[in-house]
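Sharing a structure here in structure tokens format.
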Amino acid sequence: MTLRWWKSIWGKATMSLQVETINVFYGQLHIIRDLSLSVAKGELVCIFGSNGHGKSTLLKAVCGLIKSQSGSVIYEGVDITNHRVWEIVKRGIVYIPEDRNLFSGLTVMENLMLGAYLSKARPKAEENLRTIFHLFPRLEERKKQIVSTLSGGELRMLAVGRGLMTGADCLLIDEPSIGLSPLLKTEMYNVIKRISEKGQCTIILVEQDVKEAQWLADRIYLLKHGEFVFEGRKDALDEETIKKAFL
Amino acid sequence: MEFISNLGITIISGTILGNIYGLMALGLTLIYGIGNIFNFTHGAFFIWGAYLAWFLITQVHLNMFLSILLSVSCLFLFGLIWEKWVLKPKRQDFVSIITIGLGLMMILDSMAHYLFDPTKKALPPLVEGNVDLFFVTRSMNEVVDFLIAMGILFTLWFFFSKTRVGMAIRAVSENNVGASIIGIDVDKIYTLSFAIGISLAGLSGILLAPEVYISTEAGGDALLKAVIIVILGGLGSVKGSMYAAFILGMIESAISMYVGMFWVLPSWFFIMVLILALRPRGLYGTR
Amino acid sequence: MAQGNAIKYLPLGGVIAIFLAFPFLYTNPYILHILILCIIWSVVASAWNLILGYAGVISFGQLAFFTLGAYTVGMLHKFLHISPWIGLGLAGIVPALVGLGIGLVCLRLRGIYVLLITLSLQEIVPVFIKWQTQYTGGAVGFSDMPKLAIGSFSYGNNPLPFYFTAFFMAALFIFIIHKIIKSSIGLAFVALRDSENFARTLGVNDYKYKVLVFIISAFITGVMGGLYGLYIGFATPSLCGWEYVVILLIAIFLGGEGKFPGEIIGTFFIIAATELLQGTSSLREAALGTTIILVVFLLPGGLISMIHRLRKKIGEGLRKTSVGAGQSG
């Protein structure tokens, strides 16, 4: 009856998303090492780390795009480890990738409406669409445009918007600010904060730049070489720790 | 007067041929564009569609419409089962998939030989009689074929732009990762696309059957023609396949009329080599 | 140690000795016939494996080169009175030229295009043959094959001289193929096959190599096609059918894709099996189709990888028994 065991029981009862000691390999490379993570419902958690340390891999392992060799992922009490991606989306987790994976031959509107593909998402489609256009007015302006004609920032917005259309209550957002101008970065972060404040979404945000994004978070993790070297509230985070994590 | 008449026949035949070839090429394009599989069995299903329909019409004495429906449905069902149980485990491996396709083609060809006896068969025409169109008399059958093909094409257009499943297929063909992360069951889509592809092959075989005698050789021809159409149109492009089908259909019609039927395939082949040398993407190729 | 090197070549020498001695030990002409076919087809399989397994080019048109070779030898003799020996050389050159044309066009494109154009070649060659009936004999086939002769000694229908001719040509071509694989070209291809991006950064220009290997493979296949035509005495468009493609593919997979000389062993098995199990043609096709599907599923590594595993196990076993109790492995 160790503390760890109690924590795990408490976690299972209260946490929305629980990742327990997962290991992910790319061929021979051990990317994610015995990693555990838990997120409460409605929390906005930020995971920071340099490139190549496993940030995207972690998100992909949670949402099913990459297989984890051991450990488990539990969402809302259901073990979703290594389930198919679309099954996990049905359960309520949506991954918003860094490389967007949008449907470039289709229009903005078609991409968004496809976001509401799942039957559970369809009744809320109209409402979600309105919310998204409210959050990203630029998308509404361009709604009939073919996606391949959009700018980098607009593509990011569309990726987030399409993810929201799924009606998922857990968003895994992968480096949303990459390649954006400082102004757009702030806009994007504000939007994410607003989504979080509405209270219904659990958000895991993965980013490189701690300083820029740490104000968003309820809790922060620092990822280095596939392991967490820090976990806690943002006020507990100091310069030293950040430096060590990014060396 | 004969010149005009010949020209008329050429244009009309070309249009009709182009239409049906479009359907045929569509089957191949779909399977490649969505699942990244080259379907070696395209020609085999082309003739099996026709053979099944022939069998149902002449041996089981079902009516024409029902026979065609049943034949295409059989192919569709087979496609679902085959993709799900045989192709799925090897989807990552291109060479394995085409080799399996080659194997299936051998099996299908040999069974067609064995069951339906190699003497060439002709499907009875769908409709009897002739019709006059712009100075030219054509058989009613060709016109009906054309209308059916147009109807199918329209249905497909509707399916792919207005229905949920159709849009899902398009999503998968655009970006299969993107499709999976919004909840589309990509596995099911691959299976469905394969089944649709071979059904279209079989359907075009039925439509072309009264014009062309069915034989196992026709399967190889159909495969070759579909390949050339798809290359001209551009791999993975539906629009390209349709345009290419019309162009090549016209060329076939003109060559048959003015030079000789035997020149059709060599000239198509030559066009293909030219395209690959000068503009490999074809008309509208994206991949 | 010179001794060690010599021992390496022992199995090869043994095989060659067996082949050379065989017809004097077993004079059964039927068995000789099967062996000749095995020898010819194994070279074709090897040439195909060179381009498919090593250069990674998804070419399915090899049989077209084979067929072109057979027809070239026959037609050149019939219409231009070219001696069959020279004809054999040209039987290689004509397909090589076709291969050059096709290769230049498609080898710089993606794999699917190579597949499509070689497949089209496979389908169109019989069409050409059946078309120009007056030259080629059409669908019935070309039966005016000349008889090979050395000086005044004519081969006639005797399999024995064909056996030795085939064996020596095969040995030559297989040696060439082996040399290519072991050469820097071969290594470059293995590098490309296993890690394309990295190999490119090292400056490996695959296009030129691919075209070269493609031409060589077409040449070899064409010559063997010519020899086949001379031996069998006729050539038909059905040579260019999918049946032989499947047979060779089974041999290549069974032999262990990409691992020379596995495909040679594989070919011997499958050709012997095909000849010995003469069934009705259509059921044979179905059997071949089923076999290759099964091969794809059950033997991903092929026969040679099984042999390698066996060799390892035998080697381990030997080591274990020769090591005493107190020594480390």
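Labels for the chains are A, B and C, by order of writing; each one numbers its residues from 1.
Heads up, the rule we're going with is that contacts are C-beta pairs under 8 Å (C-beta built on N, C-alpha and C of every residue); 3 or more make two chains touch, one makes a residue touch a chain.
Computed from a predicted model, the values in this text were never measured in an experiment.
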Hypothetical removal of subunit B, resulting connected chain groups: A | C
| item | value |
| --- | --- |
| Centrality ranking, top chain (CA atoms only) | B |
| Remotest chain, subunit B as reference, centres from CA atoms | A |
| Rounded Å distance between subunit B and subunit C, as computed from the means of their C-alpha atoms | 34 |
| Rounded Å distance between subunit A and subunit B, as computed from the means of their C-alpha atoms | 44 |
| Geometric centre distance via CA averages, subunit C-subunit A, whole Å | 54 |
| Of all residues in subunit B, the ones touching two or more other chains | none |
| Subunit C to subunit B touching residues, read off their complex | 58, 60, 101-102, 104-106, 109-113, 115-117, 119-120, 123-124, 127-128, 131, 242-243, 245-246, 249, 253, 281-286, 288-293, 296-297 |
| Contact footprint of subunit B on subunit A as seen in their complex | 63, 65, 84-86, 89-90, 94-97, 100-106, 110, 113-115, 117-118, 121, 162-163, 165-166 |
| Residue ranges of subunit B in contact with subunit C within the complex | 32, 38, 86, 89-90, 94-96, 98-100, 102-107, 109-111, 113-114, 220-221, 223-224, 227-228, 230-231, 235, 262, 265-266, 269, 272-273, 276-277, 280, 287 |
| For the subunit B and subunit A complex, residues of the former touching the latter | 164, 167-168, 170-171, 174-175, 177-187, 286 |
